[in-house]
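Data first, discussion second: the structure below is written as structure tokens.
Chain lettering (A, B and C) follows the sequence in which the chains are written, and residue indices restart at 1 in each chain.
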Amino acid sequence: MDILSPDSTSAVDEDQSPNLSRRGFLRAGALAGGGIAAVALAACTPSASAPKWTYGPAAAAGASPVAASAGASLAPAPSAAPDHGASHAPASSASPAIDHDANAAAVIKRFLDGEATKLPLANEPLKPRVDGDTKVFELTIDEIDHRIDALKEPVKALGYNGVWPGPLLSVVEGDRVKAIFKNNLHETTGVHFHGQRVPNAMDGVPHITQEPIQPGASFTYEFVARTPGSHMYHSHHNATDQVGRGLLGAFIVQPRDPALRYDRLNGASQDIVWISNDTLGGFTINGRGFPATAPIVARLGETIVIRFMNEGTMMHPWHLHGMPMRVVARDGYPLGAAAFTCDTLGVNPGERWDVVVKCDEPGAWAFHCHILPHAEGPDGMYGMVTALIVQDKAAAVSLASAGAPAYECVIPTTG
Amino acid sequence: MDILSPDSTSAVDEDQSPNLSRRGFLRAGALAGGGIAAVALAACTPSASAPKWTYGPAAAAGASPVAASAGASLAPAPSAAPDHGASHAPASSASPAIDHDANAAAVIKRFLDGEATKLPLANEPLKPRVDGDTKVFELTIDEIDHRIDALKEPVKALGYNGVWPGPLLSVVEGDRVKAIFKNNLHETTGVHFHGQRVPNAMDGVPHITQEPIQPGASFTYEFVARTPGSHMYHSHHNATDQVGRGLLGAFIVQPRDPALRYDRLNGASQDIVWISNDTLGGFTINGRGFPATAPIVARLGETIVIRFMNEGTMMHPWHLHGMPMRVVARDGYPLGAAAFTCDTLGVNPGERWDVVVKCDEPGAWAFHCHILPHAEGPDGMYGMVTALIVQDKAAAVSLASAGAPAYECVIPTTG
Amino acid sequence: MDILSPDSTSAVDEDQSPNLSRRGFLRAGALAGGGIAAVALAACTPSASAPKWTYGPAAAAGASPVAASAGASLAPAPSAAPDHGASHAPASSASPAIDHDANAAAVIKRFLDGEATKLPLANEPLKPRVDGDTKVFELTIDEIDHRIDALKEPVKALGYNGVWPGPLLSVVEGDRVKAIFKNNLHETTGVHFHGQRVPNAMDGVPHITQEPIQPGASFTYEFVARTPGSHMYHSHHNATDQVGRGLLGAFIVQPRDPALRYDRLNGASQDIVWISNDTLGGFTINGRGFPATAPIVARLGETIVIRFMNEGTMMHPWHLHGMPMRVVARDGYPLGAAAFTCDTLGVNPGERWDVVVKCDEPGAWAFHCHILPHAEGPDGMYGMVTALIVQDKAAAVSLASAGAPAYECVIPTTG
């Protein structure tokens, strides 16, 4: 039985999050795969005679009958050797690790079941209004209730257009941009387009380049987008507090020359914004903590771009399992001959780094901050953890029709 | 009235810091500008019928009559559009942000009024005595009272020649150097020329390469300056404590070939040392915390070099608004093909990074550590913040004759 | 008297660590030198009429008769000028620095006397069993008592094969590798080959790619070593805790093409693994804190490679005195045109950096983390400090026959 097909009626659908598990790893219109994800989800099928679920490839789950029966046919051959043996050993029932393992497994189950789809998507592009030769973005600055995780109480936060991170603003080099911010807070603020070269009066530093934006007032930032690359917009007023509470978002300027955009230059079919923070709400990626962080899902052979942006107060070294990252730009500026390859990339506060990943190895690959206390605690992984799911074409099942949401924004290359 | 001309008699001169506000942004002999700075200072003119001062370009200050009248003609056209509107909105008098804003504005006023000129200049070059083929520097190691900020009580610190950072020592590659340190402390010490290749006995690590320098004693470090670039000298004895209290300074070795010096190689007309610390006295740049940090002042079109040096215990990512930094050397070694461009540069303890900035955009550009709690608190900006003031030639007013001090040392290219 | 010759009978041998001081700086089979080390050790010779010991070159120790007489002839000429004077000054007996200095000197004496040789060597290569075309490594995962320093109580730690760091696993690109881990802990675990490209089921992330390895059970990781360079293996299960307690080791994959290995490519005659941690046991290099850290010992003119690996939770900027580091690879990937030279290299958690050092300056060169509180405290240097001892050929004395242990592993270039 292919429980991943849209019309399947697996018991998973009867739990309190119907339709979530099946779309957990999918991006609408961009994916037609199911490989490793299929294995994981297949293992969710309940069974009275077996543990309720087991993740991972069939090999590791070999001792778990239900997983083996459900997942065996989908498991990639190279990793299916049955003799690695972890699950052959009996668990020590007196082990103090039992609670850790149960909790650790539970959060991973939530992640793989699509926890991220229970919350609004991050970094959704905001479509500008076109006024003559100008792209006009209208945003509000709001007090919001923000959930780091659907199971946790919301935190009192701030957001642009009600979300943290704020909407993705994407334009093309040379565009005339007007960004109107209406301040709905009970405090003053100012908005800095970090990394963008603007006239001084548009720099958003209250008391130096402008008056603070009063509660109820608006301010219009107007400039020509002259600095291509990965940039940000965020508060530059009482900023430790205001950025810490969520006043931050991505500002992407596509190069005017289409040949220089990642889809053409690197053949990238996904272009993903990854904003981290480490203040209110703890260790977050795009405003969520594991297991509510969104996985990146790619087809085997696909090339993706990730734009790391650090809006927190600490350096975070991002470690991708399984595949290296080719680091091609820093703060929006192409590295050229200084480009390099790595698997762990330290990103300091305020920096942006663009990396290209060739997804040439199928599987669910952990992707996390390698300051381990930012990623794992006594109850399992949390905070700055997600995964890159590379789906094997051989096992691909098209789920686009299931209405799966896009986990990550795809940045319009045309602005 | 042009209150910036040397013979002006604005009311500003009657406050307790006469002559300071007018020279706040100026470097003797190196500047002939007043553009943005003029706007800011113009706004200082008191008026019974208006807020006492308003900073920023005329556009943002448009609602403030005095600022508008005094500054309008100097405001750069591109940023003067009157419809951005922050100050059009009434302030919410009940807002909890009022205190923040008042305090935040007040510290910025102090900065722009030239707070840094109230304290001794940092990184002043020490002229060596020439003894045959040797350049001899004589320094003392002292207990000092050091002010991070003129309004704060001095801290009990340490300094070379009585200052923190110690005097700038600048030589030319191949020079024979003799640096005599007289220890006036009540404790032992040792001086390490960090980054310089010296004979082992001159390395300044007590108990390994020499005996500690006793109270009252002197030690002579003698070597040929063979490692060009940005280096440091500091205590290497009980160093967490002694460097933390101020025993640190810059040691610059100009390349023997003049064509390789920044003035020739990059056309730089300013060469600025930027030493950060984060221990005694908090977050400092060249021994001062904002608003007592010195701004960097450049004319529009000028190229400057900044040499970041970290003598603290934390990485600091320096973010320059408005213009990118071209990073050309690391620890004194030219990066060559590995050079890169960025707007945020993480500098780890012990590292030195040389960057070139082409000052091609007029205005007052914030320049700060992007670990926000190192730069801004509930009472506004503090600590690791300064500004790059780029003065528009069109509005330039020569103030060189006013005897304005150099905020930053200009490193002699001839040693 | 040459107290460094194997048949010397200096009083040093009568203390509680016989044979240690004489072999302190030596690597079996790789060294035939004694230059600076000789000076230091010579100074250990007790004398009723002099301070019991004085370190450093003869110049600095000039005021100490025993050191002068023992060491003068060995001191390198350029640093032997007798007029630098630190020890000419009387000590201030009332100085609060006395205790600091006595303690600081004592730990340095312990270091230079070969403290590291009192404890098992780190990073010892584990010879694989060859099974057909496969290299088989058999490891246990153990609870251990681990000493950061021979004078400190052991800490309750974890280790692979009973040691922290675990044994060095070295293979050649293209090798088929089987690593069998037997879990002797009372808790579950999993092993991740960090940086190595493996099939997903071999990635070692419990609950995602495999079941946790139960107490008493084994798990076999099997893959083709396809990613050359400096990599690691460590726990990826409850990892903040398990890696923090010592479940970590180096995994080196030599390039298949011998011309690309450091011995051929860079002429390196030593290839040294440097794993840092900053959790259990404090600030450590290869599982030891200063003075129990092993010095690196090289002959004058020798080229060495150091592979920095950070298994801790903080960035550490490694600063080498005396000679620059040429940084040639990051996370195992050659930097190519992005290679650079520096003397201070920040290494973030999870990162690996390979550097080449041309040992062209004789002496004992401090080598430490430049976050000073990780390296020096009120009682002198501790934690993340070691030294690069470059032995002058002119003073070389062959001690290979004294059975001196290798402080650092030399990585087999043939796997």
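As a convention for this text, a contact is a pair of C-beta atoms (placed from the backbone, for glycine too) under 8 Å apart; a residue touches a chain by one contact, two chains touch by 3 or more.
This structure is a prediction, so every number in the text was calculated from the model and none was measured.
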item	value
Third chains touching both chain C and chain A	B
Numbering shared by both copies at the chain C-chain B contact, with half separating same from different	different
Approximate Å spacing (C-alpha centroids) for the pair chain B, chain C	39
Junction residues of chain C - those touching two or more other chains	315, 335, 337-338, 346
Contacting residues of chain A [partner chain C, same complex]	36, 54-57, 59-61, 63-64, 75-76, 78-81, 83-92, 95-97, 100-101, 104-105, 108-109, 112, 315, 317, 319, 321-324, 335, 337-344, 346, 361-366, 370-373, 375-378, 380, 387
Interface residues, chain A side, partner chain B - complex	183, 186-188, 190, 192, 194-195, 197-203, 205-222, 227, 236-241, 243-244, 313-315, 330-333, 335-338, 346, 348-352
